[in-house]
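Have a look at the structure below before the remarks.
Per-chain residue numbering starts at 1, and chain names A, B, C, D and E are given in the order in which the chains are listed.
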Amino acid sequence: MTPLLEAESLVKRFPVRHPLTRRVTGHLTAVDGVSLTVRRGETLGLVGESGCGKSSTARLITRLAEPTGGTIRFDGRDITTMGEAALRPVRRDLQMIFQDPFSSLNPRMTIEAILSAPFRYQGLKPEPGQIAELLRRVGLRPEHAERLPHQFSGGQAQRIGIARALALHPKLVVCDEPVSALDVSVQAQILNLLRDLQEEFELSYVFIAHDLGAVRQVCGRIAVMYLGTIVEIADRDELFARPAHPYTAALLAAVPIPDPRIERARPRVVLSGDLPSPANPPSGCPFRTRCPRAAERCALERPALAEGAPGHRVACHFPLDTSLSREGAP
Amino acid sequence: GQGGGTTAAPQGTASAKGGVLHVLASIDLEHLDPARNYVTSSMDVGRLIYRTLTTNAAAPGPAGGEIVPDLATDLGTPTDGARTWTFTLKEGVKFEDGRPITSKDVKYGVERTFAPEFPEGPPYARMWLRGGDTYKGPLAGEDLKAIETPDDRTIVFRLNRPVADFGSAVSMPFFSPVPKDKEAGVAYDNRPFSSGPYKIEKFEPKKRIELVRNEHWNRATDTVRKGLPDRVVIDLNLDPAVIDQRMIAGQGEDANAVQFEPIGAASVAQVLTNPALKERLVTGESINTRFLSLNTSRKPLDQVKVRQAIAYALDKEALRTVRGGPIAGDIATTLLPPAIPGHRKEDPYPVDVAKAKALLAEAGFASGIDLTLDTPATPSGKAQGEAIQASLGRAGIRVKINEISSSAFWSTVGNTSQQHDLVIDGWTPDWTGASTYLPNILDGRFIVKQGNQNRARYDSAEVNKRFDEIAAMTDAAAAATAYGELATRIMKDAPVVPFLWDKSAFLTGSNVTGAYGHVAFVGRVDLATVGLKSAR
Amino acid sequence: MTLAQLAEAPAAPPATAGSSARQLARRILSDRAATAGATVIALLVLMAVGAPLITAITGQSPNEFHPEAIDPALGGLPKGSWGGISAEHPLGVEPTTGRDVLARVVWGARVSLLISLLATLLSTALGTVLGLVAGFRGGWADMVIGRLMDLLMSFPSLIFMIALMSVAPDGDRELMLVAVLGLFGWPYIGRIVRGQAMALAGREFVEAARVLGASRRTILFREILPNLTGPILVVATLSIPGYIATEAGLSFLGVGVRPPTPSWGQMIASAVPWYAADPVYFLVPGLFLLATVLAFNLVGDALGDFR
Amino acid sequence: MIVYLLKRLGAAAAILLVICALTFAVFYIAPDDPAQKACGKACSPERIEQIRGQLGLDAPIPEQFAVYVRGIFAGRTYGTGPTAVECPFPCLGFSFQTNVPVQELLVSRLPVSASIAIGAAALWLLVGVGAGVVAALRKGSWWDRTAMGAALGGISLPIYLTALVLQYVLVVVLEVLPYPRAVGLLEDPGGWFASMLMPWIALAALYAGMYARLTRTELIGALNQNFVRTARAKGLPERTVVRRHALRPTLTPIVTVFGMDLGALLGGALITESVFGLPGVGKLAADAINSSDQPVILGVTLFAATFIVFANVIVDLLYAVLDPRIRLGAA
Amino acid sequence: MTLLDVRNLTVSFGDTRAVDGLSFSLESGRVLGLVGESGCGKSVTSLAVMGLLNGATTSGEVWFDGHELLTSDRRAVRRLRGDRLAMIFQDPLSSLNPYYPVGFQIAEAYRAHRRTSRKQARAIVVRMLERVGIPEAERRARDYPHQFSGGMRQRVMIAMALCLEPELIIADEPTTALDVTVQAQILALLDTLREEYGTAVLLITHDLGVVAGTADEVVVMYGGRAVERGEVHALFEDPREPYTRRLLAAVPRIDRPVPDRLETL
C-alpha cells in the first residue's frame, strides 16, 4: 500500500525585503529539503523550535503555500502543482487544524455557518442533523450552533476547529500546534479528543508541536526539525530512549519535568548560543554552531538523513548512539 | 475748443503734491501696451502712463465726454472732406528718458496696432487708414504710407472715407507715441514706455502695479492730468467685498486709497446710512448700457411678438436690484443713454406681464416657451441670470441658465455656433456718441462667425441702409438726432431689451481729494486728477 | 506611495460583538453626543425629504423673488433687522432678491445630502472592492491599485475637481459632482480596506477556508468582507461630512449645481459680500452646514470606537 | 538606500507626469477651445488661428504635451519671428490673461502661501498636539471631553464659515485686526503678522482638531504599550516616562501626517486665500479657474502636486529616520 | 527575614475580581513560584505589587521590607521600583522600547536611582551585558531591541533588572515566549545570578516543570485565589488539593510511560 502522503525534498524560500525600500535583500529558507512520509492511520509528529519551519512544512503539504522545490504526493497523486480547482476534491481528504482557536474561526460567522462551510465550499449540503452530530462528537451541544465564536472558551473553540476539519471525513489532518495556545488542562482534553477521533474516523495525523510531551502523547513516529531540515526521525519510543542527534538530546534534556526531585537531579544540558537565522544559515551542518560535538567536518559537509537502526534516521556526522554511527565517535 | 482744461474737483480743492495714492482694484489689468489697451480699466491706468493726441476732458458728469487736445495742440484739422486729418504736437513734450516726443513716435505707435500680434485694439485705424487692410504692421518691416510726418511736430493721417469724429478717435490709447527703439513685441505689455506723468516701477500681474513720477513729464504741456501723488500703487485682483469693507473702515493707508470699481450692493446700505461714509462716496456717470440680447436667428425669437413679450416681461427693477439698486444706475428704457447725444426719452415696453402673456399667446405659445440664457459664471452673472429667469418665468417663459466661464464668455457668445437664445449683454461706446455703439451691435452686415458683436443677430436691410446714410453725415448734431430716431425704430423690433444705464459710486479714503467718476471710464475714478490732502 | 505601515492599521479586533443593526443603534444611543448627532441627521433627512411639504406649508418657493421684502435703495438689503426674519420668512430673505432663506435651505439640504450620500456610496463601493482586491490578492494587483491610489491622492484634488467641473460638458452637474467626489474619495477608503484585508488575509480562518477548498472570490466576499462591514461603515460615515463640506466648497467656489437650484455652498458664497451688512444671511446656511457635518462626525466617531 | 531614493524620486516624477498628462488632457480634450478662451472679447477667426499657432495648439495633442513637458525642463520658445517669446526653464507656459510666464506667477505667490501654511502649521501643532497630549494624559477627565468636543467641532467647521466669522468679529465689529493684505514678512513684520493671524487661526482650527485627536489616540496607544510599563517599572519619574517613552513613538505618525498636510497646504490654501483675499498660490488657482486661464491652472496643479508628492517622499524618509526598526532593517 | 509579605490582596476591575484575597510571603534570597492557568490573576498580582496597575481598585496590604506599598505615596514606591524590587516581563520584545538602543535603556534604569556620569553608566551597562552572556557587549549596547533574538532580549531585560542589584525580582513568565532550549539557558542564568546577588525571586509561570526545577516554595492560584501553597517538594509529592493534583496529572510527561488518556479536570 502506498503511503498516504509522500513529501520529497520540499523547499520553501521567502524573499527577504528591506522594510522601507521593499527591495529583496536576501532569501530566507524556511524549509530546506524536507522529505517525509505519512502512512495510513499513523500519526507523524513534527517537533522543533520556533521558526524551524514546522508551519511552513504544514502549509506546503496542505498546499496553502507554493513549494519552491520538491514534490508532494497525496493518496497516490502528485498534488505539487495542482491548481485551485483541481485541488478542491483533494481537499476533502486533506484537512488542517490551526494553532489559534479564535483566529481560525471567522468571528462574523455562527458555528452553524462555520461547520457547514466545508460542505458549501465543496458544493455539498450537510444532511439534517449532521452539524449537530459533529458538535456532539467533539463534545459540544447542538444548541451551540447558533452562537458566535467569541462566545466560547479557547478549548471549546478548538473543538469547533476540529469538528470543521472532520466534517468531510478526511484521510489526513495536519494539526499545526493545535494545543500550544491552550492551558495544560484543556490541552489534555484536546489531546484525548484527537486520539479518540483518530480511532473512530481512521485518521492519519501530522501533528506539529514544540512541546515534546504533547507529541509523545499522540504520535507514533516523530520527526525533529532544526532550521528547515529534519535532523532525526524515528519511532516514538526509540527516539525518546535513544536520541541519536545531539540536538534531539538537548531538546529532551531541556523539557522541564514537573517533579522537583527528578528535575533537580537531571544534568542540565544548556546549549550555547541562539538559533541561527534561517536567512543566514551556517554552512555544513545547520546545528554545528550550537553543537557540543561539532568538528571541522561539520562546517564543510552537510550530513544527510541516513538510516542507522531500522526506521531510525538521523542527519549527523557524529550521532550519539554509536550503533547508528557510520564512522564512529570523534 | 480748448476749454476743457479746468477740472472740477468735487471733493475739496486743497490737494497737496506728493504722497502715495493707493488704488484698490478687484480686476486685473488686461493690457497696458497702448496698442492693446481697449478696456476702460486699463485705459484709465494707461492715461497716467501715456498721452494721446487728444483725450477726454477731466470733468465729472457728461462734461467728461468732451474731447480736448493732449499731445496735439488742437483737435486736428480735417481737410479733403474729413478725409485728411493733420495734427501738430505741442512743444516740450517728452518721454520718460527726457527725449522729445516726435510725430514719428506717434506714427510708430499707430503702426504697431496693425501688427497681428496685437489684435486687441479697436478696428478704426485698420478700417479708416488708407492701405490699412493690407498693412501688417512695423514688425513685418514696413511703414504705413497713410501716415505722414513732414516734420517732427506734424502728423498727417490719410483716410479712405470721411470720418467726422476722427478727432475723437485719436483720444484712444492706440494713438499714443511709442519710440521705435523700445519695441519689445508682446513683452512691451509689461513695461510700456512712459510719456505721461507716471512710469511703471514694478508690475506683478494679478497682484500689484506700482507707478512712480516721471520726472520728464512737463505739467505745463498737460491741461488734463495733474500728477499730484508721488507714487500710485494699484493693488489688483482683490476681493470686491474686502475692498468695500476696507474702504468703509478706512484704516491706515486706506485713507489714501480710492476704490477702482463701484461698491457692491452689499455695502450700499452701510454707506448710505452713515453720513460720514456718504461724504466719502463719489458717484460717476457712465455711457454704458446693459441689455438682454435676443438671438433673432433662433426660433421662436425670430418672431417679433415673442421678443416684445420678453421686453414687456423683463423685470428691470429686479435686475437693477441685484446689481445694487438705484445706486447702480438708472433703468434703461431704450437704447441710447441720456449722456449720449441723440437720446430720446421714451419707454416703448413698460413692464406688463399680462401683455407679455397675451403677445406670446398671439404668437402661438400660450403654454409658454423654453429658452437658454448665456451668462458669465460670476456671482453677478448668476444673480442677473436668476433675476431674468424669475421675471420671465412670470410670463410663462422658462429660462435655463447656461453659465460660461467669465474669460470665455465673450468669445463664446461671439461664436455664432455656440451662442444660445439670450445673452446678458451691454455696450460702452468708445467715445460719447452713438457712432461706435449702434452700428457695432445692430448692423446685420457685421455678423461674423467668431468675435461677433451683433449678438441679437439683427439684420434689417432698412436699418443697415440708414446706418450708412448716417455714417456719411459730416454734421455731428444731425447725425446724433438721426441715431436717436433710428434707435426708436430698432426698438420696435425689440432685438435687445435694454435694462440699465450704468452709474457708478465708489468710496475714497478720507485723505483723498479731487476724485470723481469719469464718464469715459464707465464712471470709474479719473486717476489723472486724484491727489492727497496731506502727503503723509 | 506612503509607507505601508500607515495603511496597515491594526486589523479589526476580533469583533467582540457582531455589529448587527440593533447593536449599532444601541451603541449610538448609549453615547449622548452620538444620539444628538443621529437626531440632527434624522431631522435633516426629514427636512430634505419633506422639502416640498415644508415650502408648501410656509407658502414660499425657493426661487420666487420678493421685491417687497428688500430695500433696493439700500442695495437690496432685507427690510427689517436680522436679515429680514419675519413670520412670513422665518429665516429671513436673501438680499437683492428677497428669496425665502428657509425655503432655499431646505431645498439645499436635498442637494447637499443627496450628493454626499451618493458620493459616499460610490467611493465606498470602489474603495471596498479595489481595497479588498489589493489587500487580499497582493502582488501586481496590489501594485497597480496602490499606484492608482497614490496617484489620486497626490492630486491637489480641490483644484483639480474645480478645474474638471469648470470644463465639464454641459451635463448633469449633480451626477458630475458625485462622480468627481467619488473618484477622488475612494482611495482613502480603499487604503483602510486594503490594510484591514491584508491583516485579515493573514488570519487563520482564511487559511481554514482555503483548506476547505473555497475559491479566492468566495473567501474575499464571504469570509473577509463580512469582517470589514464594521470598519467600512465607520469610514463611510466619517467620509460623509467630508463630502458634504467638499460639495459645499465646490459650490462655494462656483462650480456646484446649476442655478437656480439652491445649495448651501452657493448660498454661503453669495453671502460672502454680505457678511458685514447682513451676517444672518451667511450664518444660516453656514450653521446648517456646520450642524450637518458635526452631526455626521459625532455619529461616525461613536461608530469608530465601536467598529 | 540611494537606489531607493532615486527610485522614489523616479516614481514621484512619474506620478507628476501622469498628473500633468491628465490635467493637460482635461483642458485640451474638453469641449471648450483653449484658443477661444485666450482670445478674449475682440475675437476674430484670424485671431483664433493666430493664437493657435502661437501656443502651438495646431499640433496633435500628444505632441503638444511632449512640447509642454520638454518646456518644463528645457524652456521653450512661443511663436516665431520677431514676436517670439522666450519662456525659460522651468517653463509652465504663459498665462492667457496676463502673458506672464506661469512659473513667475507661482514664484511670486509662494511667499504668501508659505506664510499662511507655515504659520498655521506652527499654530495647529502647538494647540493640537498640546491639547491632545493633555487629553490623553487625563483621559476621561472633564478636560479630555471638552478638548475632544472642541476638536470635533473644529474638524466640522467649514473653513469659509470660520474665516468669515473671524473677519466679521475681529475686523468689522471689534476692529482689533486690519483686513488681511499681502505684506512681506521682511517689509513689515507687524503688518504681516496682523494680516496672517486670521488665516492661521481659521486653518489651525480645522487642523488642530485633527491633530488633537490623532495625538490623543496615538499617545493613549503608546501609554498602553508594554515598554511604557517597563519604564515605570524601572522607577523613572512619570514625566520622563511620558516624554521619553510614550511621546517618542507618538511623534512618528504625527510627523508623517504633518509632512503631508504641510506639503498639501504649501501648494495653496484655495478657500482660505480666496476668502481673505490673499494673493497666494490658492488664490491664483481660484482666479485662474474663474477665468479659465488654463496654463495657470495646469501650472498650479503641477506645482501643488509636486509639493504633495515630495512631501510623501520626505515623510517616508523621515519615517525611516525616526524609526530604528525601519532605518536598520527588521531582525 | 520576610522580604515581601502580601496580605489579603484583592484587585478588581469594575465588577470582576481578578485577585481575591491572596496572601503569601517571600523570604529574602528565596524563590517563590506562583503557578496557575491563564487568567487566574498571576500578572495582576505582580503588577499590584509593583504598583503598576492602572484603573483597578486594590485592597489588602503589600509589605516590602517594612514599607506598605499599596498606601505609600507614589514617589516613595517609585524610588523602590527598579532599585530594590525589579521586574522582568513575559514578552521581551514589546517590553523594550523600540526607539532606543538597549544600552541606553539599561543605563536609564541605573541613572534613575544612582547619580553617575553617562560614562560610568555606560561602563556598568557593558559589564551587565557581559554578565548576562551577551557577546561583544560594548558594541551590542548600541543596538536596538529588534536587532536581538528572543533569548538575547530576555537577557537584556535581566541585565536591566539586575543592574541595581535589587533585593527582589518579580519575573512574570520570563520564559514562556521562549523555546525550551533557550528557556533552559535563561533559567540557568537567572539561577546563577540569583545566587550571586542573593536576590529573592517571585517567579510567575504556568509551567509546573519550571517551578519544580527552580522554586523553593510554590503558590498555586486558581480564579484569583491561592488554592494551595507550600514547600516545593511537599507540594509536588503530595498535593493536598484536588485541583493541584489534577493539574499535575494533566501534564504529558516524558519521563513516564505514555498513558492511554491524560487526566482532565
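What we mean here is this: contacts are C-beta pairs under 8 Å (C-beta built on N, C-alpha and C of every residue); 3 or more make two chains touch, one makes a residue touch a chain.
As the structure is a prediction and not an experimental result, all values here were calculated from the model.
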> So which chains count as neighbours of both subunit A and subunit E?
Replying inline: D
>> Starting at subunit C, how many touching-chain steps does it take at least to reach subunit E?
In response: 2
>> If I average the C-alpha coordinates per chain and also across every protein chain shown, which chain's average lies closest to the global one?
In response: D
> Looking at C-D and A-D, which pair shares more C-beta contacts?
Replying inline: C-D
> So what's the Cα centroid distance for subunit B and subunit C, whole Å?
Replying inline: 46
>> Roughly how far is subunit D from subunit E, centre to centre by C-alpha average, rounded to an integer in Å?
In response: 52
> Distance-wise, how many Å sit between the C-alpha centres of subunit A and subunit B, to the nearest whole number?
Replying inline: 91
> Per the centroid of Cα atoms for each chain, what is the distance between subunit B and subunit D, given in Å?
Replying inline: 40
> Do you know which subunit B residues sit against two or more other chains?
Replying inline: 239, 245, 377-378, 405
> Among the residues of subunit C, which are close enough to touch at least two other chains?
Replying inline: 3, 166, 254, 269, 272, 275-276
>> I need the residues of subunit E touching at least two other chains; which ones are they?
In response: 149
> Between which chains is there touch?
Replying inline: A-C, A-D, A-E, B-C, B-D, C-D, D-E
>> Under the stated contact criterion, what part of subunit D meets subunit B in this complex?
In response: 32, 36-37, 39-48, 50, 81-85, 95-100, 105, 108-109, 171-172, 175, 178-179, 181-182, 274-277, 279, 283-284, 287, 290-293
>> Give the list of subunit D residues in touch with subunit C in this complex.
In response: 8, 11-12, 15-16, 18-19, 23, 26-27, 30-32, 149, 152-153, 155-161, 164-165, 167-168, 172, 253, 256, 260, 264, 267-268, 270-271, 274-275, 285-286, 289-290, 292, 297, 300-301, 304-305, 308-309, 312-313, 315-316, 319
> Can you list the subunit E residues touching subunit A in their complex?
Replying inline: 37-38, 149-152, 179-185, 188, 206-213, 232-233, 236-237, 246-248, 250-255, 258-259, 261-265
> Can you list the residues on subunit A that touch subunit E in the complex?
Replying inline: 49-50, 183-185, 187-189, 191-192, 195, 210-214, 216-217, 236, 240, 250-264, 268-271, 274-275
> Across the complex, what residues on subunit C touch subunit A?
Replying inline: 3, 14-18, 203-205, 207-216, 218, 223, 226-227, 229
